[in-house]
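Just so it is clear, A, B, C and D label the chains in written order, and each chain counts residues from 1 on its own.
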Amino acid sequence: MTDVPIQMRQDTTQDTTNERFRGGSPLVDLLSRGGLAIAILAVLVYGSLTSPFFFTTGNFVNVLTSMAIVGIVVVGMTFVLVVGGLADLSVPATIACGAILSLALQPVIGPVPAFAAAIALAGLCGLISGLLIGYVGINPIIATLGVGTIVLGIVQAAVGGVIVYGTNPDTAALVKSRLFGIPVIVLIFLAVAIIGHFVLSRSYWGRWTVATGGNCSAAEASAVPVRAVKAGAFVITAICSGLSGALLGLTLQSARPLVGTGYEFSAITAVVVGGISIMGGFGSVPRAIAGLVFVQLLTNVMVLQGVRTPVQGFVLGLLIAGAVALDVALRKRGGGA
Amino acid sequence: MTKTKTGMIISALALLASVGWAQAKTVCYVTAADAHAYATPANEALEARAKELGIEVITLSQNFDVQTGTEQLNTCIARKADGIILWPLDPQAYIPGLARAQQAEIPAILINSPMDEQADRFIVSFTGPDVYEEGEMAADSLNDALDGEGAVVVIAGQAGNGTTIGRVGGFVDRLTEVGSKIEVLDTVNADFDQQKALVVSRDLITRFGDGIDGVYANDDTMARGFIDAWKEAKPGEPMPPIVGINGQKDAFVSIKSGEMYSTIVQSPVEDGKLAIETMAEILDGKEVDARLPIPLTVVTKANVDSVEPAF
Amino acid sequence: MSAAATALRMRGISKTFPGVKALSSVNLTVEFGRVHAIVGENGAGKSTLMKVLSGTYLPTTGTTEIAGVEVRMRKPADAQRLGIRMVHQELNLVPDLSVAENVYLGRMPRRWGLADKAAMLRETAVILDELGATIDPKARLGDLSISQQQLVEIAKAYAAAPRIIVLDEPTSSLSEHETAALFRILRKMKQQGIAIIYISHRVKEVLEIADDVTILRDGSMIDTRPADGITVAEMIRLMVGREVTNVFPKTPSEIGAPVLKVVALGDSYNFRNVNFEVRKGEILGLTGLVGAGRTELAKAVFGLARATEGRIEVDGKPVVIGSPAAAVRAGIAYVPEDRKDEGIVPSLSVRENISLPVLRKLSRFGRVSMTADRRLADKYTKEFSIMPPDPERRIGLLSGGNQQKAVLSKWLSADPSVLLLDEPTRGVDVGAKAEIHRIIGELVAGGMAVVMISSELPEVLGVCDRVIVMRDGHASAPVDRAALSEEKIMALATGEEAA
Amino acid sequence: MTMLARLVRYRVTVILGLTLLVASLTVPGFLSISTLSLGLDRGATIGIIATGMTVLLIARQIDLSVGSTFALAGITAVMLQPAIGIWPAALAGVLAGAAAGAINGLLSVVFKVNALVATLATMLIFRSIAHWLTDSQPVPGTDIMLSVALSKIYLEIFTLRSALFVGAILLLHVWLTRTVAGRNLFAVGSNADAAEASGIAPGRTVFLAFVFAGALAGVAGVLQSLTTNTGSPVFGAELIVTVIAAVVVGGTRIEGGRGSALGTLGGVLTIAALTTAMEFQSVPAYIQQVVSGLILILLVVLDRTVRPGPRTHAAAGASG
């Protein structure tokens, strides 16, 4: 541990406080807390003014359905960012794992065991990353990049690279069905979000997660099993992505190894736009989902307006940079002494 | 220590886990990818036929990355291969590499996708379907389905990808050429991905609703995405005619059930076989044609039972 | 440098942050060739004043003269150009560079456009030798001990041939022995005509080294006077604004059966074959030079570090402690030395910090009971009069003393039978210090066993029942309170059989 | 030093040697000048970008947008050819890369956005601009014969870009270990506060590191465009993983403060040798992925778990 920068050993209260947590003026406070709500509202108003299709039940169900799959990943990714784990870049691999196995194993062991096995195996990938990060102390970016590459390679080798098709149309019908007019997949997403929110904000595991992200050494010295907590965040993300992938596989009734490409960045974007610091120690599932809602609505508005794909990427990039820069600026101005 | 060893053994095994060395003619095959619905059967067919012909094939996978491919051409030249079969993913970028191959007196042919005319002088032949032609055939098919009039949406593959460019370009040019009154409402990219196609289709359906008279998808996978989105948004309503490309099994099922109007079959097996056979002839010193197409078949409800799906 | 000029003259310096007046109209005059001490409690404005002097802050009002010339410093580089060098309490060193590169950081000599490594190594060796430090100039800084690093920091300031050198709590990680060495160095610098500004909490040290003393309180200057003739009590009175009679009161308590017994414990690197036991109602002092292995020993007992040999017994039964959680189960608690780094999670509230070690006990089916959580926080907030009395406040916003009280609460919530305290009053101001001692006194009176690590000999002598002294990883036999003296402890700590 | 510690310290060399050994045993004629030349050329694009990334990682920053910068610079260099000529256009491409780096630096230094997030955003932005400029079509250059000329092999070993890569690495090595600015870079990456208190401007250092990384990604992108006579918006989409792997395999720490140019050279050559050797054997790309992933993880785990004695890194720190 000789590489740890030399710490201050004297009390300088003003300086020890993380900038993020200083009180500020009411206006700044409102902006930083309610900024996202205001932004969502603005998109809603703009959308309904410019497109007659925007403010329709059909469109909202459409937006919800589209965000369900990535939303489940967002719930997991929130844990990774809050625990101070930077990001999980193995998401595409774990999604592929979930999607391919849930379909490929169907004829062998039946749809439900296949579903469970797919998620469990995805969780195992997360466990490997988690062990490397929590117990060996490898940088999360490197660990998840490496594990993701390996897992994706194995998955491709296992299926010989071709598309795996579903053999049980009933499962597809189940996943695509609706309950009270809401697609089942959306309900699953909401359930995952509620469980995730409960775990992060109400359970001791969640408190441990926040504490580990806030100050890992202090949490460790407070008898928090920080290694397990860090590893756990990656297992949670992997299970979420596995579930996401399995649902995706069942919906599409086909799965390719590259099915999960891009989901890691979409999830990180949502969490970051939700105002959750990449440095950890702060954040909640509802915030992350608010970020996701904003991104999805904005994309939806752009699509309805016929904005070209490259421009959408441009706007999304600006949004990420802008959201974080604004967050930093607001907190600094609110900081004062 | 053990860990080091394990790693080394794994890398050693990876190096050894491949075909041995034989004193046969060696052909370097730069393929698009080795894990892909179309490319994998094409690769397998090519390799199987090569074995029959007694030709050694070194398969290099670009994994859909042009830059990797351009560098792999150098590997082929350095390896002093007797011939090069290239699956181009870009109409331009391989030209210098092909020129170097020519300087090294290694004959090269293209498989599956065409390149710009400038490349012609560096290659001996181009075997395979013509993606531009496929676009044209799709335009004709959709023109038939709509009686030459209506508003359509185009679900395209990856932006900047050679296949996308050919299939969209051929489609649009053909419509103009035949003076069709079909209007393209919008062209969106869904990266040959069913899920992305599903998402963009939902948005297209919300946006244009019943204004969509027809759909052209750059491949059957993405056509599937549109079908799912339509069934989700407008259950029970009749599907607008959808034209796809590739001739996948599930597209055949959809054509039979009336969910799709047509697809264009191009057989990856034929594609792979033709390429290696052409190369074998070149290596034997025979003359070959500069353009050797594989058959493309438009499949509609009329002939769906008599044609084999591609994969 | 004209000998006649005054090294530093600050007039009417004020610094206002939004909502806070950190300094109000402070005057400070420092002469060349003298040691000028600045004392005051935490929050008195010492650090702010020094940040003004080092160019980190621009004062709201006021003027600064260096050697008779009025200057305006906007960034640290400005101050350095004027010959002002800081020795920070948070060491400003780069762990990944060599000692020599650290000494010359920001002003490396060049030769043909390249960094002149040979010259750096040569000069650094000379300076370290002059300072009496045996450190390899080529060593990677991060591999040195904290006190060695402190010496490098001083060497770095000295090597720049400064006109004014500012030392901010330079002895906080030095042992008494090393402090004595530092004072020799300071006297030497003084003779070279360097003006030395010396900031410290440690009143006795200040009186030993300083020629002049300036006392700050609540951002205002209380007084500047020659160090001769001030007594410890008087100085403390000026700092806190009241007379503090007994600095380290000892609360009587009944000593019972042994609770924690450590047998032949070692980690084969920092400490070896350590034996001690601590009894119910007893405060066992653990002292020695920094780097003697005290903190490592405490961490091993608490499961934060691994012991490779020996065993630990609690209440006569051997226990295996592989993690802090296991230590908590065995009834052992540890208040770490480094509060900011290991004590608190600044982003969490006081309540959330206090319940951290016992969360699982407060939970049913994984869910934390908010009622139990709040009850716990309320209890300790009241009992220890944590200010402000709001358990929902983020702990990072509290003062050091109150943070320390919250950290103590955190551990008491785990209901331990043994409490390991690592420098519990370091960086805590005089008032809070007394309060922490009162709490510790109450705890032992209630039957708890306490192991207290401290470098501050008066504190050790004042509150401990028995003391063991560590030197180079080995522990002495316990010395009873009756037989204790500063000389005795120093002799054991340095291995010099004096006294 | 124990045997194991020695192995870990020279792990890059060990792996590189082993790769070469196994390859030479299984592929006749593998160990030849032409293979070396090929390996260098294969590594050059990755290597030039990795050279810039080394500097950034030492400064405790990261740039995920290099792949997009690579494409953007190439497009600039090709699109401007008809207007201002090949070489001015190439220069413009490099400048475009530097400008992209400056934007990253600006976001990171002035707006204080975490580098990971900032460059994730610019990765999307630059890629979008590349698509927008080209309308998602590859753009052909004006002189195809130049491309052929550029790929010529000099002294039987170097192509233009592999010579540039090796030159850049050697220059960087001298800069990192011998110059004051290079040492200051380590100081900023290791402890920015201390560096600032010592009169070094960390903001400026970090900003310039971003510009440098951007410019080198630009150089690589321009060279790619010139040798392929094409500017394409999809170029470089898969680069970032390999680049970071090469730098990290070379022993540069992602947490800043430690790293070396020669290590990066080793890392790049290892990856290039591995790729070439496996391609010579027709090992499928996914198996190649598994092998590179395993090697990356293995090296980093060894780095973490085996402490080669307290002085080893000191020596590395002091002498480069």
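Heads up, the rule we're going with is that a residue touches a chain if its C-beta (ideal position, glycine included) is under 8 Å from a C-beta of that chain, and two chains touch if they have at least 3 such contacts.
It should be emphasised that the depicted structure is a prediction, and the values quoted were computed from it without experimental measurement.
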For the chains other than chain A, what are the connected groups under the touch definition?
one piece
Interface with more contacting C-beta pairs, comparing A-D to C-D:
A-D
Chain whose mean Cα position lies farthest from chain D:
C
Which whole number of Å gives the spacing of the CA centres of chain A and chain D?
29
Computed distance of Cα centres, chain D from chain C, in Å:
44
Cα centroid separation between chain A and chain C, in whole Å?
41
Chain-centre distance (mean CA atoms) for chain B and chain C, in whole Å, is 69
Going through chain D residue by residue, note those that touch at least 2 other chains and give them in order.
131, 136, 190-191, 193-194, 257, 284, 286-288, 290, 294, 301, 310
Could you list the positions in chain C whose residues touch two or more of the other chains?
90-91, 93, 95-96, 142-143
Would you pick out the residues of chain A that each touch at least 2 other chains?
2-3, 5-6, 156, 161, 257, 309-310
Which pairs of chains touch each other in this structure?
A-B, A-C, A-D, B-D, C-D
Show which residues of chain D lie in contact with chain B when the two form their complex.
3-4, 7, 11, 14-15, 18-19, 22-23, 26-28, 34-35, 37-38, 41-42, 45, 131, 134, 136-138, 140-141, 144, 147-148, 150-151, 224, 227-230, 232-239, 274, 276-288, 290-291, 294-295, 298, 301-302
Would you pull the chain A residues touching chain B in the complex into a rising list?
51, 53, 56, 58-59, 62, 65-66, 69, 156, 159-163, 165, 176, 183, 248, 251-252, 254, 256-259, 300, 303-304, 306, 309-310
In the complex, go through chain D and note every residue touching chain C.
174, 178-180, 182-184, 186-187, 189-191, 193-200, 257-258, 310-311, 313-318
Quick one: in the complex, what on chain A touches chain D?
2-3, 5-6, 86-87, 132, 136-139, 141-143, 145-150, 152-154, 156-157, 161, 257, 265, 268-269, 272, 278-279, 308-314, 316-321, 324-325, 328-329, 332
Contact set on chain A toward chain C in their complex
2-13, 16-18, 20-23, 198-199, 202-205, 207-208, 210-211, 214-215, 217-225, 281-282, 336-337
